[in-house]
Amino acid sequence: MTTAVDTTKPAREAPYEGPLLDVRDLHVEFVTRDGVARAVNGVNYSVRAGETLAVLGESGSGKSVTAQAIMGILDMPPARIPRGEIRFRGQDMLRMGREERRRIRGRKIAMIFQDALSSLNPVLSVGFQLGEMFRAHHGTSRKEAKDKAIELMERVRIPAAKQRVNDYPHQFSGGMRQRIMIAMALALEPDLIIADEPTTALDVTVQAQVMDLLAELQAEYHMGLILITHDLGVVADVADKIAVMYAGRIVETAPVYELYARPAHPYTRGLLDSIPRLDQKGQELYAIKGLPPNLLRIPKGCAFNPRCPRAQDVCRVEVPELFPVTEDDGTALAGRGSACFFWKETLHDR
Amino acid sequence: MGSYVLRRVLQMIPVFFGTTLLIFLMVYTLPGDPVAALFGEKAADPAVVASIKHKYYLDQPIWKQYLHYMGNLFQGDFGTSFTGRPVTDIMAGAFPVTIRLALLAFVFEMILGLVLGLVSGLRRGSVQDTLVLILTLLVISVPVFVLAYIAQTVFATNLGWVTPTVQNSYDLSQLMLPAIVLGSLSLAYVARLTRTSIGENLRADYMRTAVAKGLPRRTIISRHLLRNSLIPVVTFLGTDLGALMGGAIVTEGIFNVQGIGNVLYRAINQKEGPTVVGIVTVLVIVYLVASLLVDLLYAVLDPRIRYA
Amino acid sequence: MPDIHDEDSYEPHPKPGVSHLDYAGEQGMAVEQETLVESDVVKREEARSLWGDAWRDLRRRPIFLISAVLILLLVIMAIFPWAFTDADPRKADLVHNYLKRPDWTDFFGAGWFGYDGQGRSIYARVVYGARASITVGICVTAAVTVLGGLAGMIAGYFGGGVDAVISRIIDIFFGIPLLLGALVLLNAFSTRTVWSVVVALGFLGWTQIARVMRGAVLTVKQSDYVVAGRALGAGTGRLMFRHILPNAIAPVIVVATIALGGYIATEATLSFLGIGLQDPTISWGIDISSAQKVIRTAPYVLFFPAAALSVTVLAFIMLGDAVRDALDPKLR
């Protein structure tokens, strides 16, 4: 696991100067029968080699849609990307041809999905599905691909890999299956891994093991990692920086510990307050009032305003941009931003 | 896998006896005296009737008749028709024709059905998809005997490519048109089933994974999509072979194919109990064996069943 | 063009030729989207919203509207045939009307579709023939739905030995092809009416519904609200009919609607073979059968009853398709 106190420092041994992945002003919308659902409304984020970015948000916040847009696995139509850039090593992937894009998928950017059972093909053995990566991208022979599959399974510490290589996904436990997903993503040693709620479907005890394994392998291969989750607990140990999403926008970015210590957006604050804590035992648990917005009808102004305890008139009219967050004396806080007109007040709130 | 096969075979046994018993009851206990029917309008001599009834075991209680019949059946004896001809003889002449007809229809529906289903399933909303949907809907709606007349009128009367009815039932080329008519309904089902199945599997998570792995399109379709999508289609096709043979009754009648459909139709009309029971029993066996094979094939295709 | 890509109609049709493969991430998508759209609505009772959504969905489908109008028309025709024609369908006039060609100027008149080999008005026979087909279709469907639904419900609900026995009985009946079985059964009746056909098809046809119902009940039985209902002490009857039935009925309705068209076709086939309905009942199947003899010289004698039959079957199958697409949450 990388210990990055200063997230702005260039990554060690980065094969590419600058961010591996740079998402600029990305918009994604879905054309439905009831209207256009704006799932992603101008997202900016970047990841460097060796760095872990956690994207936090409720379902419907656009965090998974952004990831799928990066992977190029959105279903278009109904989805469309009216605006934005997704630069990988400086090249905008949205302008690439289909074949060029395919060569990046799996080889340069790999993805780990939430539900390993449904994400693995039920009628093919795991060995076959792992080996397929080498066969498709490197033209490896069937025999050799199988050996590599066993190697991969050993890497992610699946016991008796040799015997289990011909087993089918349903014969593995949930944790083991997720390890296989990880092995598959790691197979070609990609530059970047996107993990979409990799531990949500697992038991709590297994969650930690899988997360540790992922972090360990990430450090070893010096990969960029985008970790998508709604679980603040998962994020804390692993991530370098966090982007909090709400209604298709990033509402706050910060290095992970600073976000926990001093959130600068009322939504983040609400999320943190709704985590049960031992020292508050017996007290009523805080809950953000209201429901996430309907993306067909996102509220005017700041999308969070109907639920925000701090909302003023300006919030109902104007959309706040991501303001840089500074100390009172104007000292810049590296990597921090908040899309709230009252970030200052929120920051001081305690 | 072994225990799975065994369980399926064991389940088949009561079904076999049950189905044959049901047919037996339907043929022999329902009103209408077959022996009287033999004599037509003439009043029959009671003594003669009694002797015929005795000869065919009809004077026994129904359960004894059934046991007697089953006993003979397991020795390969399907009984004797009221005309005195062994039922096995009658069937031996007719079944080869129907098997050919059904196999031709089967090949036709399988190949064309899969191709149409694939084309429309992979390109939902396209012109081809719309065409396939309209075409299959029409074929499903138009009853087979109407379809047979249309085919007869177009290909025999108007185009003159074939004779309206089959002259030689053993000639495969003459069986082509009846086979196409016979297989058309199933063809429509195969096409629609394939289309739906592909549509469902296209949305499956593992398809998303396959795309995310950066596999070439061809690999994704042939290795991931088709294998999963074909499972329900194979199930349908397997049980359909028996259904085609049973359904041949209309097609064979219209095209004058001398198969079991024709024989069965005549036997039903003449209340030829032994012939009816014999033919339907064979059809039931075909159906049961086909479903067993389908189940085995299913287990081969889907490991989740194999290791259940 | 009618909208027959119903599953996709909640979004504009994907462009022809655009491969779906490249965007196969639909599943995750759908989940995400669902939460978006539903999020502002407090979750209503699941069953009710399913029916409500289905109805809203159906009303927008041209294919549903077309088939519903057609079926309505056919039902009215079956009940009040005299409202559509003055002609007597049984009146034969061999001297004046033997195989008279259709007269398009005789709009809605006796000679509109021409006359058959016995000099009877084909138009009147087509109109009066609707009654037998619609009656058989609706009654057989009602019978198999009740019979099969009950058998499937009992098998699925009680499971174990009860299920094993019922399932084997279903298998037994399933082994007999519907048409063959019906031929054997109906041959036992010397005079056959619409009701003998209904009894024969109902007796043999219930297995399909039973299988569907059993499967649906097995699924629903696992769901939390049924488990909760049982935990709260709801009785067997209440559980079955208040909790399980409303949630398991959707696939049954779909299969029954599509099967209805099939039963109409089967009745026509039986009548065509001479072992279904008999004179004096007017049936399209009988008319098609008798048109056989004159098919070369007077194809219209065959055409009109055949077209009426096909359109009727088509209407019910289209209706079933539309209902299925509206009720199937997977395809939403």
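When the chains are written out, they are named A, B and C in that same order, and each has its own residue count from 1.
Note that in this section contacts are C-beta pairs under 8 Å (C-beta built on N, C-alpha and C of every residue); 3 or more make two chains touch, one makes a residue touch a chain.
Not measured: the values here are computed from a predicted model.
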Distance-to-centre winner among chains (Cα means, whole assembly as reference): C
Chain of greatest Cα-centre distance to subunit A: B
Centre distance in Å when subunit B and subunit C are each reduced to the mean of their C-alpha atoms: 22
Rounded Å distance between subunit A and subunit C, as computed from the means of their C-alpha atoms: 49
Inter-centroid spacing, subunit B versus subunit A (mean Cα positions, whole Å): 54
Residues within subunit A bordering two or more other chains: 71, 73, 113, 118
Subunit C: positions in contact with at least two other chains: 14-15, 20, 22-28
Sites on subunit B at which at least two other chains make contact: 204-205, 208, 210-212
Subunit A to subunit B touching residues, read off their complex: 71, 73, 102-107, 110-111, 113, 115, 118-125, 132-133, 136-137, 168, 170-171, 184
Contacting residues of subunit B [partner subunit A, same complex]: 204-206, 208-216, 219, 223-224, 227-228, 231, 301-304, 307
Subunit B residues touching subunit C - in the complex, by the definition given at the top: 11, 14-16, 18-19, 22-23, 26-27, 30-32, 122-127, 129-130, 133-134, 137-138, 140-146, 149, 152-153, 157, 199-200, 202-205, 207-208, 210-212, 217, 220-221, 225, 242-243, 246-247, 249-250, 253, 264-265, 268-269, 271, 276, 280, 283-284, 287-288
Partner subunit B, residues of subunit C touching it in the complex: 1, 4-5, 7-8, 13-17, 19-28, 30, 168-169, 171-173, 175-177, 179-181, 183-185, 187-190, 261, 265, 268-269, 272-275, 288, 292, 295-296, 299, 302, 306, 309-311, 313-314, 317-318, 321, 330-331
